[in-house]
Each structure stands twice: as C-alpha cells, then as structure tokens.
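Following this line, the structures themselves.
Shared between the two complexes below is chain A, which has chain B as its partner in the first and chain C in the second.
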Partner chain A sequence: MALAAGMFAVAPWMIDAAPYEATMGLVYKIYFFHMPSAWMFLTAAIVAGVASFRLLFLKRPRADHWVTAAAELAVVFGAFTLVTGPLWARKAWGVWWVWDARLTSSLMLFMIFVAYLLLRKYGGPGSDKLGAGLALFGMANVPFIYVSVNYWRTFHPPTSVVPTLPVAMGIPLWYCVTAFTLLFVILLRLRARLEHQRARVEALYLAEDEA
Partner chain B sequence: MRLLRILFVLAALTAVPSVALSKEAQPKPPADFVPVENAPPGEQIPAMPLLGTAYGFIWVGVFGYVWSLARRLRKVETEIAELEAKRR
Partner chain C sequence: MNAFARIVWFVVKKDLTVEVRSLEILSTTMFFAVTVVLMFSFGLVVDGRPLNDVAAAILWVAIAFSGTLALGRTFERERHNDTLRALLLAPADRPALYVGKLLGILLLLGLVELVLVPLIGLLFNAPVIEQAVPLLLLVGAGTLGFAAVGTLFAAMLVRARSRDVLLPIMLYPMTVPVMIAGVRGTAALFQPTPDAAVAQFWLSLLAAFDVVFVILALWTFEPVMTD
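This part shows the complex of A and B:
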C-alpha cells in the first residue's frame, strides 16, 4: 500500500515531465490516468467473469467473494474512465460524448456492474448466482470494447497508439499503468477480505444460534 | 404554346428577385484568411480546468474508496472480535 501511495505521489512529476502532444496540447495528459483506469476497469470485469465461472460451473462458493470484490472495483475504475474520458474529449473533439461503439459499450459494461451491485444488495437469496451470470455477460463485453476502436468509425484513438508511443510519453504511461495495477491488486485483495470476514460473521452468528 | 410562354415569363419574374434577394442575404465570403497568434477568448476551451478536474476526480475517488473500505473492514473485524469474545 505504501509503495502504491508513493508511486501515486510521484506520478504528477512524471506526467508534468512528459512532452505536449502536437494536436491536443496539454489536455492529452489526461491519458496518463484515463488509460490505466480503463485497463483496470476491463481487468476487473475479467476477474469478475472468471470468478463467476468458478462459482457457477466449478461450484466454488468462495469465488463469490472475488466476484463481488471485482464488480465493485469495475464500478470504481469504470467511473474514473467514464468521467476522465469526456473531460479529455471536450477539448480534443469539441464534444463531451459521442455514441460510438467504444464509448457506448464501455457505458454498458459500467451499467452491468452497477446492476450487479444493486442485485447483490437488494436481490435476496440466490442473487449470488444471478449476479454471477450478469458478471459473465460483463466479461463477454470486454474483447468487444477493446477492439471496437479498430473496427468501427470513431474519434477515439485506436489500440495501436500505445505500442507506438515515443519514449518520453511511454515512460510516464507505463509508470502510471504499474501504479494503477498495484493499486488494483491491493484494493481487490482488501475488498475480497471484507467479503471473507462478512462470511465469517455470518458463520459466527449461525454457530451462536445453534448453541 | 401560349400557356407555356406565360409560365416561362412567370417563372422568370419570380426567379430574378429571389436570386437577387438570396445574393443580398448571403454574407460576403472572406477574401483571404488572416492568421492570429491566439484564438479569441470565446473560441478557446482551456485545458487546465479539464486536466485538473480529471486528476482531482481520480485522487478524491481513490482516497474516498480506500477510506470507505477501511471503515467497512474495521466495522466487520470489530464485530468478529465481539462475537468471538462472546463465544469464549
């Protein structure tokens, strides 16, 4: 946690040192937090989908804790992506939002995980399996979101931008990706621990009732 | 034939003023483009507030989420400690 906090504290200096982009100028620097947030958003959806598969088809009840943890992180990182993207677009494209394949499918993925959290909160018994089904649909959306910029007409930069970045822009980007990945792993473990502890509380109450 | 001639005259009579009117209403195109150093203030979208809002939102979001997670964990761990103490 201290390492992640330290990396986030240094990040503004790394981003400040990055050069301006020729057509977008200063505003493109939103990219250094927007892109890692988007990657963590998609990673969270994949983790939730894999854990849902384990819950539904391999009958591992503890996998439910990981689905819940990853779904909550998908909402958190999804919110970061969907807020920072329009702030960048306002200056770069002249509009806050366009209904292209990338933006629309990202919004749909975000809504799937918001629906998951609402289902788990208010769905009652059996909502774990229903929710896992929903999370599987969320994971199925991920490859579509990733390649959508390469197949459909859009203003959004294509996936080829990342490997072709000049070194001066690539270093701060990969630094931020590392910081976000570290943060994601820590938050996922902490959130899953919260679910394990909640299950323990329930078991203790059951044991108390039986005694 | 006479009817055709009347229609032609009518069409010509209506077309001439409408062309003249449309020419009058149309603004004059600029003869040349004049470069300026900075765009007029109304035309600019400043980048800094957008950048600041984007980074600020993520910083506040991360701190808020970590705080909420820590609070929920502390609550559930206190509950476990109480329940285990009761069992002993």
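This part shows the complex of A and C:
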C-alpha cells in the first residue's frame, strides 16, 4: 500500500513533466496524453472482459470488484481519449470527427462501458452478473465494429493523411505511456480495493444483524 | 426428437399459444414499426424525394426499434406472474430455453418484417421483389444477430430495475455491426444497379456475427440466469 501510494504520488509528476520534454508544436503535445490514455482505455476494456469471464464461468464473486473498477477506468480513460482526439483532429484533419474505424469503435466501446455503469447504478440487485455479461459481449463485439466500420469507410476515404509519428517523439511518448500505465494500475488497484472493502463491510453488517 | 429439441419446441409452442390468443405483441409491434417508418419518412424525405440510401436506413432503424419493443414486451409477459422463474425451475437445459425464446422472437419479428419490407418497397420505390432472395438473407441474418443478443439481454434484465430503458442502452451499442452491415448491404441492393458483391460481403459479416454471438449467448445464458 505504501508502494502504491508512492507510485501514485510520482505518477502525476511524471505525466506533468513528460510533455515539456518534447520540442514539437503545442497542438501535437496532446498526442502524448491521447495515445497512452487510448491504450489504457483498451487495457481497461480487456481487464473488464477477463474479470467478467472469471465472474461468470469460474464463479469468483470478487472478480466483480475488478469488473467495476476496470469499467469505471474505461469510462474515465475513454472520455479522456475521446476529448483529446477531436482536439487534435481539428488541427490535423481540419474536422472534429471522422467516421474512421478506430474512432467509431472507440466511441462504441465507450458507450458500452457507459451502459455498464448505468446498469450497475440503476439495475438494482443482481446487476453484477448482467454487467459481466454486457462487458463480455462488449469485448467480443470490438472486432466486428472495427471490421464493419473499416469496410464501410473504404467507400469514403478521409480527405487528409494521418501523419506518421517521427522518431524524435518516441522517448517522451513512451515516458507518458509508462506514466499512464502506472496511473492505470494504481487506480485499478485502489478502486478494486475499495470494492473489496465495501463488500467486507456489508458482510460485517449482515453478520451484525444476524447476531 | 431429442430432449433439447423437445424443450425448444415446448417453449416456442407456449409462446405461440399465448400470442395467438391475444395477438397483443404482434399487432402493437407491427403498428409501431409502420409508425416508425412514417416518422422517419417525414424527417428524411426532402421535396418529395428521399435522400440517398434512406430506404435501407429506415428499414433497419424500424427493425431495431420494433425489435426492442417486442423483446421488452415478450419478457414483460414472462415477468408477470413470475413465469420465467417457473421456466428456469423446470428440469430443462438452460440453453434450450434460450433457443426457444429466441425462435419465438424471430418468428414475431419475421412477421413484422413481412409487412415492413413491402412497405419500404412501396413508399420508396425500392426493388424489394427483384432483390427478394438476397434481401431475405440479409434481413434474416441481421434479425438473427439482433435477436440473439437481444434475447439474452432482455432475459437478463427481467429482474433488474428500470429495465425498459436499460435494454436499448445495452442493446444498441452492441448491435452496431448489425446496423452497419444491414444498412450498407441493403443500400447496395437498392441502388439503381444493385451491387451483389458488396451485399455479399455484408451478408458474410452478418453470418460471422450471428455465429459468434449465438454461441456466446448460449454459453452465457446459463451463468447469468443462475441466482
């Protein structure tokens, strides 16, 4: 826990420091945040899917806490990705949004996790398994969305070319990826811990009532 | 007939018997689908002429909307008097119950589409008769994919609160590939010179979607429906 707290204290500093090492124009700096958060978004989705599998098929009730934690992080990092993306695209492509395969599948994945949170909040008792089903289906759905949008888009190719990444940007970028991964792992662990403890408190209350 | 098929048949027969006696879901869903088509037509027909590909889009939006309604109503009926619990308590394979419910929904939506597709052909001058076979395959595969995911979600949501709004929230993002494939494939068929190759591609994507999600649903139905 002390280590986690220490890492948590360092992570914001790393994220803060990293972009200033770049010598690129101001607009491109957002990419240092955009790409790592997009990766963490996908990682969170995969963690949620795997934890859902464990909950549903291996009957591990504690896996639910990981699904919740990962789903919340997927929404946080997904929102961050979807906000920083258009900001960059406006300058690079001249439009806020294109119906590109990646953009659309990210948006749909984001929607699925928002649906998950809504379900958990308003679904009432038993929504943990429902949510796990949703997360599992969501993960299986990503390749389909990608293929369909990819093919659909080939009829209407984007008007500009996606700039390729220069090598000079590599070091700060990887620095940021590390920082984001650290942040993601810490947040995931803290959130899952909170859920574990919440479940324990609930079990204690129940025991108290019965006594 | 083996045990699995017999249970499937019992579930379908039960649903059909209930539906035939009242025709409640079929008649309301069908009328709802027609209303959706008209609503979208008022929005998307400009100067008496529809925008490009609008017929295909309206067809699939109407299928998705009326499908959601039919799913919700079907499982609402099961919730009433707790008959779904009775079904789950029966000494039957859970996947067989799922397949039974799925077939019931498919039959219902098939009947609705039997009205919907000719209506689209009539209102938008779409070649529904000339392209009958590929259109049938596309609509069939799309409906199967939509209903396969929808039946599982609707069954899961029976015991949840605010299930009416949660069903579309969960179902629509999940069935985006069905919508894209359905609309694009149908639009390819409705062009002045139908593009069979494009329709074929979308049909195969739909078939892959169907296979993956029917298997996944059969697999998931048991754990999610167990308390």
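The criterion applied here is as follows: the second predicted complex is superposed on the first by the 158 of 211 C-alpha atoms of A that agree within 3 Å, B and C clash if a C-alpha of one lies under 4 Å from a C-alpha of the other, contacts with A are read in each partner's own complex, and residues count from 1 in each chain.
The rule is simple: a residue touches a chain if its C-beta (ideal position, glycine included) is under 8 Å from a C-beta of that chain, and two chains touch if they have at least 3 such contacts.
The model shown is predicted, which means the values in this text are computed figures rather than measured ones.
Enquirer: What is the contact status of A:G138 with respect to chain B (first) and chain C (second): first, second, both, or neither?
Expert: In the superposed model, A:G138 contacts chain C only, not chain B.
Enquirer: Quick check for you: in the superposed arrangement, does A:G124 touch first (chain B), second (chain C), both or neither?
Expert: Touch partner of A:G124: chain C, not chain B.
Enquirer: A:Y205 contacts which: chain B (first), chain C (second), both, neither?
Expert: Only chain B is touched by A:Y205; chain C is not.
Enquirer: Just checking: does A:L183 make contact with chain B only, chain C only, both, or neither of them? Give me first, second, both or neither.
Expert: first
Enquirer: Check the residue A:S148 against both partner chains and state whether it touches chain B (first), chain C (second), both, or neither.
Expert: Touch status of A:S148: second partner only.
Enquirer: Touching A:W88 in the superposition: chain B (first), chain C (second), both, neither?
Expert: After superposing on A, A:W88 lies in contact with chain B but is clear of chain C.
Enquirer: So in the superposed three-chain picture, is A:S37 touching just chain B, just chain C, both, or none of them (first/second/both/neither)?
Expert: First partner only.
Enquirer: If we count contacts the way the header does, which residues on chain B are in touch with chain A in the complex?
Expert: Residues 45, 47-48, 50-51, 53-55, 57-59, 61-62, 65-66, 69, 72-73, 76-77, 79-80, 83-84, 86-87.
Enquirer: Considering only the defined contacts, which chain A positions touch chain C in the complex?
Expert: 56-57, 59, 104, 108, 111-112, 115, 118-119, 122-127, 129-130, 132-134, 136-138, 140-141, 144-145, 147-149, 151-152
Enquirer: If you look only at chain C, which of its residues touch chain A in the complex?
Expert: Going through chain C, the ones touching chain A are 149, 152-153, 156-157, 159-163, 166, 169-170, 173-174, 176-177, 180-181, 184, 201, 205, 208-209, 212-213, 216, 220, 223-224, 227.
Enquirer: Mind pulling up the chain A residues that touch chain B in the complex?
Expert: Of all residues in chain A, those touching chain B are 8, 12, 25-27, 29-30, 33-34, 37, 76, 79-80, 83-84, 87-88, 90-91, 94, 183, 187, 190-191, 193-194, 197-198, 200-201, 204-205, 207-208, 211.
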